[in-house]
């Protein structure tokens, strides 16, 4: 056998090596401080104090894994199922004075903020485009944003979100008006309580408008989660990650980024396992959700404009 | 005044001429900015419609624009500058430009010496002639009477006074230095 | 919808005459070609201990006293007068950089093109700044090698009505050694399309222009839709070229035409299937032999 | 992605061709290029496959290793995806150049397999909460000529079909500790049920129509594409818009329908081919990773005792 | 591993080879169409793929341009599934960076770079399956790819690893032998002139044995060169059947 893993002969508990997948042993649960001991023997990264590589949130041990969510009746936060019932949204522009434009968005417990910098000269010569500006997006989760602590370093999940954000925003920006320059958008998720990507898109488009970047349209985001025959719009963290009680037929999540005035979809992502009909209906539901958001965003933006120039007189 | 956000349909293209901050799509004019809608009659048949913001929208140096810049380095072939203002609008971010030797003045181009035209630290009025290519920066020219050095300091550190189109004098030491001096137009004086 | 899935099978290139094997003129790097000092050293050879030695794998070619080794596949080694098809990669001051499959990017100087408004017009400073309006990144051109620089880079020119910016059509990139040198590399094929066989291995297929409407300088390209029948011919030619190249058949107007004729019994999209490719090339080769003999 | 430059006139030519349902290489809008599939090509892996689609070539290796199940799902194993965009495919990928595309591709693969039906993850469990099989699916790009997603998904399905996981035996000693023994017999192995593994269809919107299996040139003309992963039953496990443009909702619905139809039709010939190859067993002459179906040159006379095999 | 007998009393090795016997070597040139040159080579169970791009205009920073010759740029990488234990990264670790450098040095000695001033030649080698002698297999594969690209070379570069066990040099080590604690030596040779392009040894060996070992390595390399020669000639004949007029 090429890769026959064999029991390690001397399976000492703390042999100076972090436990790897291929070591074997009885069931153990290490408390934090004990595990720390190991790491003093290792060639350490002197730049930062590192916690143990394997630690888990106590919540995993306290409750049953994968709590089963009901698929009937009202949702945990009192919203209705099978309705385009989005959480009330609070938005405000111009939070960060250093940035060209910024926005803060709160939907239920999901809180995130976005800053826009530029247009400025591109950093890298080889990426300069003579005809078109460049958009860079960066989306990060604060380590405390999720129930489980995350890392400050951008993981592949964050990169995926950044990419989705990029693809959702790019069609809306008049990039041809900004040749040789780049526009930077960065989103920080402060608290993740579901539908983060959708709200990040909305928040970022607001920040771009606040920065005075020319856009064809605003971009609004909305998510939904299908669970068997019923669905929930703008799902919360529990609804997104929880396990369903019903069979796994027709289950999955969908996020849509939508340009309301131009009637164009600029971002679309789904996972799970759904039929074409469900998916099509889901896209329509999300579009409806975006329209519900539209007046709120418009109002916030006009408010910001008015605030910046309260009495614009005829010039 | 009416407020609008990006994507708002403002009017049909038959009613107005699109100005700034708007775009044309399928025969209608839409807003591309969040701001106030402004209709202006400029003697044309149709009014010009544009969307303006309180703060000047982000300007980028464009071909034909007059820019104010600061010289950062010089070599025999060109001078490198930082663009500080476009027109009278300050830029938030730094943009780099190049004034090639042949673009310093309009006549006797082959006799130009960059060292006798600019020095690092000079404030120069110039015009954008091209966005340049991938390797180079914005290309600028000073080949007009109104363009060239407006502020320069002598070796003694004093701000010099122009005495001809190609010379400036230090008020302290009375020594003369060569520059491509601009004949400053009153409208740019405040810049 | 059609998806053709299969297991890979072991296939040999088409070979007709077994005598072609055991050819003596094929050498590999390090082979001594001759120890006679009377010969001159050409491309693909070097002198080691007074012995003329091959540095590439290929066939030996002797022209009088000059010995060269021509490799089967290589980058384009341009010579003055070669016809090339190339793609603009960069617009610089006073010149365009052109990708021609050479070892260095080729150069097209602003002074080597015919600008609209007559041949003898002086190049002004404005022309320099508006170069991108004539040719921009990504544009295809046909040109001729004007000179070769010291370092081997090519300088091109388009100062003839037949050269210039290319319009609608299809580019096929092949190995330069498959292109046969001919008097002309521009052909209006009787099957209804035209072809430029660039010496650099870039082949341009385009609909035969209706009447000779020479626009000023050739910077104007028609964006009118090409008819479906022309399209089919071009696509068929494209696939034929790829089939011939896969079996290393020398490309010139006759071989392309014979291949086109041989392919007519198959649908255009089927030509690239390995077995069809083999069959077509075999037929082409037979036709070529008949014509020779 | 390996980029190609296309001039405006070429774009117009391609665009009109697609409008007329005749693409540059003679295909219709929903035709795939010729595809060649071969499994069991790398003996260091537990399952492998190589797929060529036009000039796009990918190699997938699956390695099964024993790991700890995720705390949230203690009774299931899991899959890990890694896409190596090697410099072999294009010099652009040299150094870290291919990383961005690699992450994008692997993230999409995670999404595609993020459901309970594609692979029976419960069968990968060895001992609930403690040990499970982790399947490392490593994708290696050998050559890029457009439509990476589709080629990769077919290769993954083929490689998973080919995967043989050794059977394990769990025994517990007196102190309650557990020992895991692996079967030595190479034929005593577990196979995966790949019936529900989806195939990805990438639909490229070019002009007003969409094409499947776009070449790099066609991709350069398109504003946006839709990636749809479809199971043999026609359910969709992942859908994603990629590219810089936006799409009309109606055209998304149209493309979903087309993607489902095309994707569904991919499975039957693929499974047939895989089973056919399997039935040939050792008789089949291996072409190995040797590319456009050409034989290896092995000039040596076979020695009596050569090779480590 | 200590108990493993690398050379039996009868003079056979772990995989049944004689001491000087090479592993079965098979190869194929021109496996890819998009690259300028490519080759696939199997030496026993070690399989490598080499791709050559160029010579072409310098990419990236132009400061590396050499005005009198071409720059050779090599990247060595291993497929993540190539080894028995899965690798986390295909390249970028110290070992592969070192290997890339060795390949570069080897080919700078053989390729006639002075013919291509200001250009760049990329040689990318990927190990698809690893069973010892990775360096030599890479060199052999890359040689074929360079020839396929039509880039002039003084001669083939052939490489082989040899080990020294029980006073006997073993040619072309496999993984089990390499990891079995043998002092091994890797040698890249231009066989016709007998010039050494690269010689590397990082194990302890008595000075008196060095010459024997190098001698054995050179013999092994010449053996490899014979096989490569046949591969190239056969490829030439196959491919030039129809181009010949």
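Per-chain residue numbering starts at 1, and chain names A, B, C, D and E are given in the order in which the chains are listed.
The working rule: a contact is a pair of C-beta atoms (placed from the backbone, for glycine too) under 8 Å apart; a residue touches a chain by one contact, two chains touch by 3 or more.
Which protein is which chain? UniProt says A = Exosome complex component MTR3; B = Exosome complex component CSL4; C = Exosome complex component RRP4; D = Exosome component 7; E = Exosome complex component RRP41.
Treat the numbers as computed from the prediction; the structure is a model and nothing was measured.
Fewest steps needed to get from chain A to chain D, stepping only to touching chains, is 1. When each chain is reduced to the average of its Cα atoms, C sits farthest from chain A. The chain with its Cα centroid farthest from the Cα centroid of chain B is E. Geometrically, the chain at the heart of the complex, using CA-atom means, is D. With centres taken as mean Cα positions, chain E sits 33 Å from chain C. Chain E has its Cα centroid 47 Å from the Cα centroid of chain A.
With centres set at the average Cα position, the gap from chain B to chain E is 59 Å. Centre-to-centre separation of chain A and chain C, using mean CA positions: 50 Å. Shared contact sites, meaning residues of chain C that touch two or more other chains, fall at 12, 137. Multi-chain contact residues of chain D (touching two or more other chains) are listed as 43-44, 63, 65, 292, 294-295. Touching two or more other chains at once are residues 2-3, 126, 130, 172, 259, 262 of chain A. Here chain D touches chain E in the complex through residues 42-45, 48, 55, 57, 59, 61-63, 65, 82, 84, 86-88, 90-91, 94-96, 136, 138, 140, 142-145, 288-292, 294-300, 302-303, 305-309, going by the rule given at the top. Contact residues on chain D toward chain C in their complex (touch as defined above): 5-10, 12-13, 16-17, 19-20, 22-28, 30-38, 52, 212, 261-262, 265-266, 269-270, 273, 276-277, 284-285, 287, 292-295. Chain B meets chain A in the complex at residues 1, 3-9, 21, 23, 25, 30, 32-36, 38, 52-55, 57-58, 60, 92-96, 131-135, 138.
Of all residues in chain E, those touching chain C in their complex are 30, 36-37, 54-57, 67, 112, 116-119, 147-156, 190-193, 229, 232-233, 235-245. Taken together, the chain D residues at the contact with chain A in this complex read 43-44, 46, 63-68, 71-74, 103-104, 106-107, 111-112, 114-118, 129-131, 134, 166, 175-180, 182, 184, 186, 224, 226, 231, 234-249, 252-253, 256-257, 260.
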